[in-house]
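Per-chain numbering from 1; labels A, B, C and D assigned in written order.
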Amino acid sequence: GGTAAEPPAQEAAPTEEVAEEVVEPTEEVMEEASGDCSDEAVLCIGLVTDVGEVDDKSFNQSAWEGAQQAAEALGAAEVNFIETKDAKDYGANIALFADQGYDIIVTVGFAMGEATIEAAGTYPDINFIGVDQFQGEALPNVTGLVFHEDQSGYLAGVLAASLSQSGTVASVLGTNLVPPVVAFNEGYKNGALSVNPDITIIDTYHPGGLDVAFTDPEWGATTAAQAISNGADVVFGAGGKTGNGALIESAGHDGVWCIGVDSDQWETVPEAHACLVSSAMKLITPGVIDLATMSANGEFPGGNFFGASGLAPFHDHEDAVSQDIKDLLDATKAGLLDGSITTGYNPG
Amino acid sequence: MSNNDASIVLEAKGITKQFPGVLANDRVDLTLRRGEILALLGENGAGKSTLMNVLYGLYTPDAGEIWIKGEHVILQNPGDAIARGVGMVHQHFQLVPVMTVAENVILGSEITKLGGYIDKREANRRVRELSEQYGLEIDPTIEVEDLPVGLQQRVEIIKALYRQADILILDEPTAVLTPQESNELFRIMHDLTEKGVSIIFITHKLKEVLAIADRIVVLRGGRSVGAALPSESTEASLAELMVGRKVILQVDKDEAVPGKLVLEIDGLHVQDDRKHEAVKGLSLQVYAGEILGVAGVQGNGQREFVEALTGLRPSTEGKITIMGEDATHLTPRRITELDVAHIPEDREKHGLVMPYSIADNLVLNRYYRAPYSKNAILDREKIAENGAKLVKQFDVRTPSIYTHASSLSGGNKQKVIVAREFSRPVKLLIANQPTRGIDVGSIEFIHNQIVAQRDAGVAVLLVSAELDEVLSLADRVAVMFDGRIVKTLPIEEATREKIGLLMAGSEA
Amino acid sequence: MELTAKRQAESSNWFIKNRWWVLIGLILIGSVIYAYATNAVVTTAVLASTLRQSTPLILGALCGVLGERSGVINIGIEGQMLLAAFVAFLANVYTGNLLVATLAGLLAGGVMGLLLAFMSVTLKMDQIIGGTVINILAVGLTGYFYVSGLTTKGKFQPIPLGPLADIPLLGPVLFRNPPITYLAIILVFVLHYVLFYTRWGLRTRAVGEHPSAADTVGINVFRTRYINVIIAGAIAGLGGAFLTLEGVGSFERLMTNGRGFLALAIMIFGKWTPLGSWGAALLFGFTYAMQTQLQFSGVNLPPQFIGSLPYILTILVLAGFVGRSRAPAAEGIPYEKEG
Amino acid sequence: MTSVPAQDKGKDRAIGAVRRIWRSISVPLVAVLLGLLIGGILLFVSGANPFEAYGALIKGAFGTPVAVQRTLEKATPLVFSGLAVAFAFKAGLFNIGAQGQLLIGAIVAAYVGFAIEGLPAIIHAPLALLIGGLAGALYGYIPGVLKVYTGAHEVIVTIMLNYVAINITDYLADGPWKDLSPGNVVARTPKIQPSAEIPILGNIPLGFIFAVLAAIIVWWLLYRTTLGYEIRTVGLNASAAQYAGIRVARMVILTMMISGFLAGFGGAVETLGIVGRYQPGFNAGLGFDGITVALLGKTSPFGVIPAALLMGAMRAGASQMQFSAGVAKEITDVITAFILFFVAADVIVKWLIRQRDSDDERIMLSSGWGGN
């Protein structure tokens, strides 16, 4: 099996085929594209998305922004992405970059972990940044960029419980098949309970398959609506576009707060500004930048690298969040860092 | 303007219609005068229906002109024809089965209140009115699929009358009628001509033509091959004109020599599709070497009876014995295996697979047997040979054995079925309406085949609404009424009148 | 005559004929009242969610019914909805006017309907293929032209219908809905009326059952099919518009997520009648709502089990109650008008 | 559809054969070109360079032996699901459930692949394939039986069962059959034993050879055996089939099972030949694409192969196209749609290439739609 991932080593593509940078207008990239990635001096960063697009307003997008900013900062000649349509293409898509002699390849999503490790074996002198990929045993040229989702989830829970008037808070989630989502939710529930032991928490995972769980905004919206009519006045939307649906829906109901996920969704889901008090973030973008920089400076750590996680700013709702709540959040954050507070989430 | 004769209501000039591979109409001329009944004769595939469809605006002719009431018209669609008072009862009824009689009648010229709401009550009233006016008894509220063919045809006629047609085309209207129903229809046709309606009447039954036609036109191979007057014609002369050769009309057969009992049916009960009892305790016997003709008006349970007998429909009570073996609950396959041949009533539905080649259709119930297949693998060569042989032997008019059954004319479709069922050794032959809608040439052929089978010692069960057919073929006549055999007579005692009465339900 | 008697017997005892529906109806009403008595909040929540989730499904199903009643199978509902959702979304983004956006959605759906009609009526293409073309095309076009970062200017909000909206249970469930939901319910009854009580409906059904019969009485088969399929497309378009303008308020690739195919199933489930389809769509919406409510109530089952309920239930109901359903007879067969 | 070979052999037969072959390839060929043309126009309008894009597409699909291999790998499951759908169509059944049957086949094959140890490859792989196929057949049996005995329309039931299949497989992959190897948090089965893997001969995946064989067998079954004759008769005229003594109900069930077997077998090949385990989301859409493939191939077993190759190639090349031409992959869907359009709208194409229409080529799948 898995042979799809084996590289066409000898048939490396001729250089004129070298990719242009995609998201920006092609012209200006053209000449800069002359740089040959296989050349030691030239830095090239490639990114392979999980099944999904680099504009998913979620973790693919955050990773891609990280890659771009890193390229900017490090003066990379190339930064390019490939969107995976078929999960079986992970290996092949990685190989497309590797064969061009790219120096850093970002692979997004836990699902790509296996393909990444396989590729790392075949291309020992390329550094791989595996977003959401927890490394069982450490390889020198693979670093798993992982996060304490349970911790930012926990903070979100604390915020939710503190804001809730009704004593009912909800979470609308992508599938339970994806560990980070479960981590967010478990943290969220325990965080809420830590504030109000008798709070009612209604949480729902998308019941569909992996291929639709994150791309079903209408399900997210209608589920949020049902949660709200069940009395929930805070909705935590965690699950890509499905979660976004929940956020936008909540924005339509007076007296309901919503909390986003992954990145600061204030930027990515403006439709939800009315209710979006904060987001439980896993800071993928800076994480990718940090690791890329380390790689460029020859200090690539390998193993697992924990990226920062926490709550996004409250933006327009600054005043809605009382000072007490803010203090409580800071205290909790400190406690989580020094270990005096545990989220009660243990994977596996 | 060619013909100023005011009495001419419809005139067709040089109508030519080409179908892929077939020149269906070839420069045909036709005139119809006010209040006359014009009979149109011709073999299967002669082009009668095609010509009528052209006059009705359904087909656009490749060449030719149509004049209606002195006006040159170009009929884009039936709407145009209807607007000019042309009505047509099609050979294949054009009724929507799941709709009621009234709905079918008003379809296309509905009686509506505002917002296009259909006034069902008014529609029913109008239909009742028409059916009383012309003595066409019918219940407007029945769904057409629940009606026997005879009644379905009334609906077709009422459809035309409802649209106030004064030029009425009847394409083989009597093909599915009993003598009584036919006479009824002729009466109606006369009444209509009295009222100034002109009628084109297509049939394969020469008796009828001689009985009621004012003029006769004969088509052959798409050409008009002559006109005749009933007064100056005989069945024989017309038949010859149609087929282009002498035709022996009455089957000549010698005394039957009945052998042992082949089929015995005892107190059979069968339900129809709507779970209503259609066969109510039917009993009969058929012996080797005889033809038992079952006469009866359409819809008295014949279909259900035959389907139960051939395993296509479960029976609820009673016993069927074939060659001494209990065949009451056998599958169609097992019954066929008992050397039973079956010519089904509905050739399009049961008899043939339209998209299959003639060759494939000719092995429809034998494909699994040697020589057509060996250990579950078809032998294409053998199937082809069989096809070629039978097409020649049974004179099926087709360009090739690979032609799809769908593109054959009615008569030739039936020939394919007959060829299939007669070309293997059988002990019992079940023929249901074997010659419906078929031209004299083919009828003669099929009748002779049936008699030949009888003489070869086959027990023949002939179910037919065609009284003449029963009388000319059967050795014994069983009359079926309301799901039972009400009486069985030796052919000598079976007079038209007596049978006719029995068929109508009155004990004679 | 005898047949008449039978007929009257049949039609007279409608209750016996539809005993299952009557029974189901009674059971439903009874249990709703009971549920409301025991837990008003949850009951309201579930029923409201039921109606909402049934809305895109019934709109899709109505599209199917209209097309198939005129003899054109439409398995392209999914694509028609998706593309219309996208167009409505863009219109909303650029005009900010929800009404214009809705019309844009209707138009897009209608155009897709026109395409289907052209393929199946004029080109006499196989209708399964025609629908599949539309589905793939919609996925391709929406995916290719979608650019992220477009944000809409809001979505339809509920419009309480005066005093009606304050009736307990019924108020929040039926009379506090956004416009497209109201429209969908009205459409169910309008289409049922049109199909079974008006001239247009009679002709449409005739064309779907027996086109040559319709033809011989001067009904233009092609025109009838074109018009029905185009209108049907527009209705599917409304379903798409619901997703982007009323449900989500934004567009995502593949956001129909198979609702068009479910609609197809619902249409058959409902025996090709608008009312029947509505019943089926509501049943679906209800099972979805229940499945969510079960998770809310924290039952300890894997979501995959709960997630299967709607589909298994449908199969059971289908096999148990509805049974054989008869499609319009001429469905799927292009009308060949010789000469 | 006339399945009898020309009986007068010799020259005309040969000529006939040549003409038939040209007939059968000319339309698809032109259709593909037209599809690419329209796609190219779209690319151009949206500011991309069609030649560059198509260049990359072709390079990614056929440019290197490995590219070719990936094209074949992508085509393989499509051949199977295409055959599954096409086969059901022959009996007048619309099996939208190939997706579900494929998933079931894939996960069951995975189970046999990882759970059983110590079998020689020559037994293990075939066993896993067979059981995977049978699992698919079993899953196809359900809609078959329900249709026959309750009249439940197979289109509804198969759509429903697709959803159920996703749930079943997700549950198994995250529950009883989950990969418990240290460090794995992902929902997926363990890797299959090496003995269960389907090898790759040079750059030809053995699975693809199976697919081609399957197509040949299906053709032979349909047109050369009595069973095929029975199935096609049921599909074309159930009443006549009954008259001919064919057990229609049995045929419906059997057809759904064979169809399910083909889909399940495809899923098994995918698991054992490509993925090496079952992982949720890895087989998304393969069964649904079977519908497209079957239709592209005009439901002919042999038509299915080129159709699958075409779609496989576009998928294999899509990444390269995005990588070096920066063109979004969805363009390949647009192209596919138009190719399918022109293949089916042969009226247009034949008019373009001045070929006269012959009705026996026209396919009418939707005829079986009307349920019972």
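Criterion: a contact is a pair of C-beta atoms (placed from the backbone, for glycine too) under 8 Å apart; a residue touches a chain by one contact, two chains touch by 3 or more.
Treat the numbers as computed from the prediction; the structure is a model and nothing was measured.
J.: Keeping to the contact definition above, tell me which chains border both chain A and chain C.
T.: Where chain A and chain C share a partner, that partner set is D.
J.: Of the pairs A-D and C-D, which shows more C-beta pairs in contact?
T.: Result: the pair with more contacts is C-D.
J.: Using mean CA coordinates as chain centres, what's the chain A-chain D distance in Å?
T.: So the centroids are 35 Å from each other.
J.: Just how far, in Å, is the C-alpha centre of chain D from the one of chain C?
T.: About 29 Å, centre to centre.
J.: Determine the centre-to-centre distance between chain B and chain D, using the mean Cα coordinates as centres, and give it in whole Å.
T.: Centres of chain B and chain D (C-alpha means) sit 46 Å apart.
J.: Please output the residue numbers of chain A that touch at least 2 other chains, ranges allowed.
T.: In chain A, 175-176, 207-208 touch at least two other chains.
J.: Two or more other chains in contact with one residue: find those residues in chain D.
T.: 163, 167, 170, 174, 328-329
J.: Indicate the residues of chain B shared as contacts by at least two other chains.
T.: None at all.
J.: According to the definition already given, which pairs of chains are in contact?
T.: A-C, A-D, B-C, B-D, C-D
J.: For a test of understanding, state which residues of chain C touch chain D in their complex under the given definition.
T.: These residues of chain C touch chain D: 73, 119, 123-130, 132-134, 136-137, 139-145, 258, 261-262, 264-265, 268-269, 302, 304-305, 307-308, 310-312, 314-315, 318-320, 322-329, 331-333.
J.: Which positions of chain D touch chain A when the two form their complex?
T.: Listed in rising order, the residues are 56, 59, 63-67, 69-70, 73-74, 163, 166-167, 170, 173-174, 182-187, 191-192, 197, 200, 272-277, 279-282, 284-285, 315, 318-320, 322-324, 326, 328-329.
J.: So in the complex, the part of chain C that touches chain B is made up of which residues?
T.: It is residues 1, 3-4, 6-7, 197-200, 202-203, 205-206, 209-210, 212-220, 326, 329, 337-339 of chain C that touch chain B.
J.: Along chain D, where are the residues that touch chain B in the complex?
T.: Interface residues on the chain D side: 1-7, 223-229, 233, 236-237, 239-247, 360.
J.: Under the definition above, what is the set of chain B residues touching chain C in their complex?
T.: Spelled out, the residues of chain B in touch with chain C are 17, 19, 54, 56, 58-62, 77-80, 82, 88, 90, 94-99, 103-104, 106-110, 112, 115-118, 137, 139, 141-143, 146-147, 159, 274, 276.
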